[in-house]
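Below: a set of structures, written as structure tokens.
Shared chain: chain A. Partners: chain B in the first complex, chain C in the second.
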Partner chain A sequence: MDGKELLKVEGISVSFDTDLGPIEVVDDVSFEIKPGRTLALVGESGCGKSVTASSIMRLLPHPHGRVTRGRISFEGESVLDLPVEEMYRLRGGKISMIFQEPMTALNPVHTAGAQIAEVLDLHRADIAKKAREPEVLEMLKAVEMPSPESRMGNYPFQLSGGMRQRVMIAMALAGHPRLLIADEPTTALDVTVQAQILALIRDLQKKNGMGVLYITHDMGVVAEISDDVVVMYAGQIVETGAVLDVFKNPIHPYTKGLIRSMPLLDSVPKTELPTIHGQVPSPHNYPATCRFANRCPHADESCRANTPALEDFSPGRKVRCFKAGRV
Partner chain B sequence: MSAATPIIEVKGLVQHFAQGRFSGNRIVHALNGVDIAVREGETLGLVGETGCGKSTLCRAMMRLYKPTSGSVYFEGKDITKLRERDLRFVRRSMQMIFQDPAESMNSRLNVGYIIEEPLLIQTKLSAPERKEIALALLREVGLPEDSYLRYPHEFSGGQRQRIAIARALALEPKVLVCDEPVSALDVSVQSQVLNLLMQLQRERKLTMIFVSHALSVVRHMSDRVAVMYLGNVMELADSLTIYHEPRHPYTKALIAAIPQPDPSRRFDKIPFTGEIPSPIDLPSGCPFRLNCPERIERCETEKPALREVAPGHHCACHLVG
Partner chain C sequence: MKKPMFTLDPLTRKRIDRFKQIKRGYWSWRALLVLVILSLFSELFINSRAIVVSYEGKLYFPTYGAVIPGTTFGLDYQYETNYRELSKTLKANGKGWVLMPLVPYSAYEQDFKEGVYPPYAPSLVSRHFLGTDSIGRDIVARLVYGFRIAILFSLAYVFITFFIGTVIGCLMGYWGGWFDTIFQRIIEIWEQVPFLYVVMIVGSIYKPNFAIFLLIFIIFGWSSRTWRVRAMTYRERERDYILAAKAMGASTWRIISVHIVPNVLVVIVTMLPFAISGAISSLTALDYLGFGLRPPTPSWGELISQGISAYKTAPWILTSVVSAMTVILVMIAFIGEGLRDAFDPKKFTVYK
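Our next item is the complex of A and B:
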């Protein structure tokens, strides 16, 4: 598979049925992930980043959420056309996912060890029943769980937030995934624990060469972990590129705003912070024109009248802005 | 009150909470002897990991708890033992905003009532007078006047936090305690609320206590920062000193873990802090010694006191100073 895409998302749109009629929450999103690479999907709540991830796993709420257009291929196979039984094998096997709040994602009435063993049951037929317990222990050691022998028998409530996240990562890795989808896995954690979990994901990826789709709203985390960045705003991609390029030279006014609006360690304390004016629009009334126009400091008449497309800006770089490179 | 009198001071503050009989009647040692003074007009930042006692310290300073031992002073007056009735003047002077504004508001009441309620309780103002104050506050926090008759669910998270700020300011407090005020907000809205808080502080000469786990936000907002660990203040200095010349091994680890939006500066070594010990069974000696890379024998037996190691720079470590 070297050099080939592990995951290819091509022009997907996702709709939800609501009381006020169907709304399109993801509009024409495309990206690809190669083995061993990390792609960060960045944006604020409601921008469609988690919905995009759920559609890859075919976990959209049924029946009111659906992919209306586009194609998702994983190792060359079209995920959206796979029979349900095949999806069971894929989820937790070749593709696994970790979530923001491990307390709600873990089962409170099973021990950490039992929950990891369950993944082995489902996805690792090569491991004999007797070999499962040592394998669970290996998994806990791989995620650097402190005193793994005794933690195996603990229930989630007996573990700290960082330890729960380690259990969840161990579960996600137990099926030897080719792709790990991480949906804000460190948002609820302290910075010290966050740093450890980010380093852990990086190390594990180096060892097993999996691709990682990392979803976050935190530009600091993006800088720390990703190779490539996709910035989403109001259901659309507004900018993509390699992480160094995007941070060094953000093109879209929204990306610029995101990077600038958080205080840095070299800012002058108590000075006014740059802001993005206004607030995120609701999917019920996404404008038909540029969706960022009413918050954009550079918007003019043409931005409020026409719809910008996601266009190539420079090699490896795409931007959805009429004024790309001119503001 | 002389200029040197701190507006709030706690001395040797110990706050224990008893867990119920089903948890074995154990004691949670939330604060273990905290000495800290808040100067009038400053912003004091409190940082530390989950469970380090920063929220407990805020609430204890506001005398929302009865301290296990130690004392709390407000404008030089000992308020440690005051009864609730006698605390009314303190309640007026110290107000608080919380992480999730939606949860701190009654969703059945309109915004006007929410903002006026403190006035209703603490003052004898007439209804038109209260309304006038509420409308002025709405303008001050940047909300349209027609918000007065609307309900909290009609507002976004950032706007709701503005309503919470307006309510906190209704009684013209001297101290505003902000406990994770922007953590629940969208990134693009956070800086708007932070700017508003800084502007209000300048205009109203507020003293602020600012708690957040977002360390770079605390750095930006604070004059001085206290680093807490397991119910103790480990280091206290002005904001820039804490972030750029930390002395305590724990502060160093904490600062090293802040992710920076600069991919060319990825942290190469992982901060070494392990699991935090339980506040039920405190370690002997220095609270940080189990995770400290620089520990010596003395750390096991003797708890380091918070000492001044440079002018205005306090640190609780045997190896510093």
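Our next item is the complex of A and C:
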């Protein structure tokens, strides 16, 4: 590695305390993001994507959740060892986050403008108090908010979902972050708004050269926005690679299933959409063997008896499957 | 461009409009506000000192400021001028005039008539509009100055206890865990300390003045304010916007003050009027029992106790203080009721 990684996540495991004892919801996850690049973290609900993102920000629910193993370094600094005051500076300033639910992630009692101004207050000491309002307006224009002058005085309940998400993005970008974590930012939005928001994030990324960690379960979005893909299943990484490789030549049966279950324009109308049968096992009973075996069409006895490791498949590709390349 | 970013929350505006529509609450609020403001300047209306004295072509304003000795106005004594006497003297010798307040008596001063013992009945001539109490002090003066002390006391008490209660309640709710548990137990134990006994004991050791009395009230009053705020905070802190605030680097203190407190303020505001009337009642009750503010501080409780003992001979004492207290407490209750209705979210939505 050339040491230019913005974010480097090395073998982190996250564990939660429950009534049934501690459970490990993220197991040995590693990836890295370079400046200006986008990494997509893909997987079904409950496979540990958001937990991974929260642990980068150290926002795991306290005191039940904690990182038990591994290292997270951001620009060479170990995030997990930083004092709290440093974290306040890091969050929103160097790493910021866009949340899934724009409906609830804005404070109902403050105006949109005031909430963006708060980020400026926290992280942009270079901007004088008087200059904040024009800056907020600039931010709102940058996220293509319609009629930004009047919208900045609006309260969240007066804004539509897409507008709120734009406010969230403006808030996330106001601190000029080096890394943007977008946790399913378009899931709650219409498809048309979704396309606008995706284009917006990509434009802003080009301008600022920031790294983006994009969390989603939508393979269509992945293809559109990302450079690299990490596919997670049941708390583990099952496949990584450059986006084109992964889409052209998915290796893990789970990735194949995800890509196959995307609706396509040229598929025959009224035919059944292929799905992955079964459900993600609950973290309490993740099997010690291949975690996908009970849903995998290719699983055999050896899959159910042994534990696969994440191994190099080809340059830039890693796969966790015994039958990699053979099915 | 104007400043649209920091205008009044439209919801708050709606609540204020709604409060204005609740007639008796709104009018009680206005009347009480006028009464409180007037009572702050009651020296100008009810005072043994004159408002203006004109003596040998010079004007004097004795209401506020140092004592003016009688020699200044050509009288033969060094102590404070008796302006009611001065008025008659000046009228007789023509050296000037005196403008007395509406009620020319202070709350502490005893007014004796020749040959008759107080209490004196209400009279327009002597300007004791509601009579005097059993040692000759004017009842209007006692009532108004007593009201001023009671309302200032309750406002100070309520705002300070709500401030402490909100801060601690928010921290309990926000941090949870051991901090919450420990404070819950501390408060539960603390609330078992009998307030009345402590007031009696402290009152027998020190002579409680306004500040000490306020301090005792606050020490025992803050804990009950924490519960609701704590519960509200527990609910608010799980909201996404708190997580979003954390993710943008807000510190704990900032999250509590900027994000949580404005969201729990509604509960506090609706509780305020009832807390204020409660404070007035308990101050009056303690004064009545004789454990309150040190006499001769004007107080309603002391008037009630006088009024009860002299009810047959001087019914005007009890009648006036009970009416005054009823009117004030009912007005505060109306305000509270109006606020509660105005803040009730159900009123905004109608399903048909």
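Couple of notes before you dig in:
The rule we apply is simple: the second predicted complex is superposed on the first by the 324 of 327 C-alpha atoms of A that agree within 3 Å, B and C clash if a C-alpha of one lies under 4 Å from a C-alpha of the other, contacts with A are read in each partner's own complex, and residues count from 1 in each chain.
Following the convention adopted for this analysis, a residue touches a chain if its C-beta (ideal position, glycine included) is under 8 Å from a C-beta of that chain, and two chains touch if they have at least 3 such contacts.
As the structure is a computational prediction, the values presented were derived from the model and not from experiment.
In the model built by aligning both structures on chain A, chain B fits alongside chain C without clashing. Contact with chain B, but none with chain C, is seen for A:M163 once the two complexes are overlaid on the shared chain. Within the superposed three-chain model, A:A299 lies out of touch with both chain B and chain C [touch as defined at top]. Using the contact criterion defined above for the overlaid structures, shared-chain residue A:C290 touches neither chain B nor chain C, since it reaches no partner. After overlaying the two complexes on the shared chain, residue contacts for A:S45 are found with chain B alone; chain C is out of touch. In the superposition on chain A, contact is made by A:D218 with chain B only, not with chain C.
Once the two complexes are overlaid on the shared chain, A:V191 sits against chain B while remaining clear of chain C. By the touch criterion defined above, A:G257 reaches chain B but does not reach chain C. Closest C-alpha contact of chain B with chain C, superposed model: 5 Å. Of the residues of chain A, not a single one touches chain B in one of the two structures and chain C in the other. Chain A contributes residues 44-45, 146, 160-163, 190-196, 198-199, 217-224, 226, 243-244, 247, 257-259, 261-265, 267, 269-276, 279-280, 295 to its touches with chain B in the complex. If you check the complex, the residues on chain A that touch chain C are 57, 59, 63, 87-93, 96-97, 99, 101, 104-111, 113-114, 117-119, 122-123, 133, 136, 149-150, 152-153, 155, 158, 168, 171-172, 175.
Residues of chain C touching chain A in their complex: 1, 3-7, 9-11, 177, 239-241, 243-251, 254, 258-259, 262-263.
Residues 43, 49-50, 156, 158-159, 186-192, 194-195, 198, 213, 215-217, 219-223, 239-240, 243, 253-254, 256-267, 270-271, 273-276 of chain B are the ones that touch chain A when the two sit in their complex.
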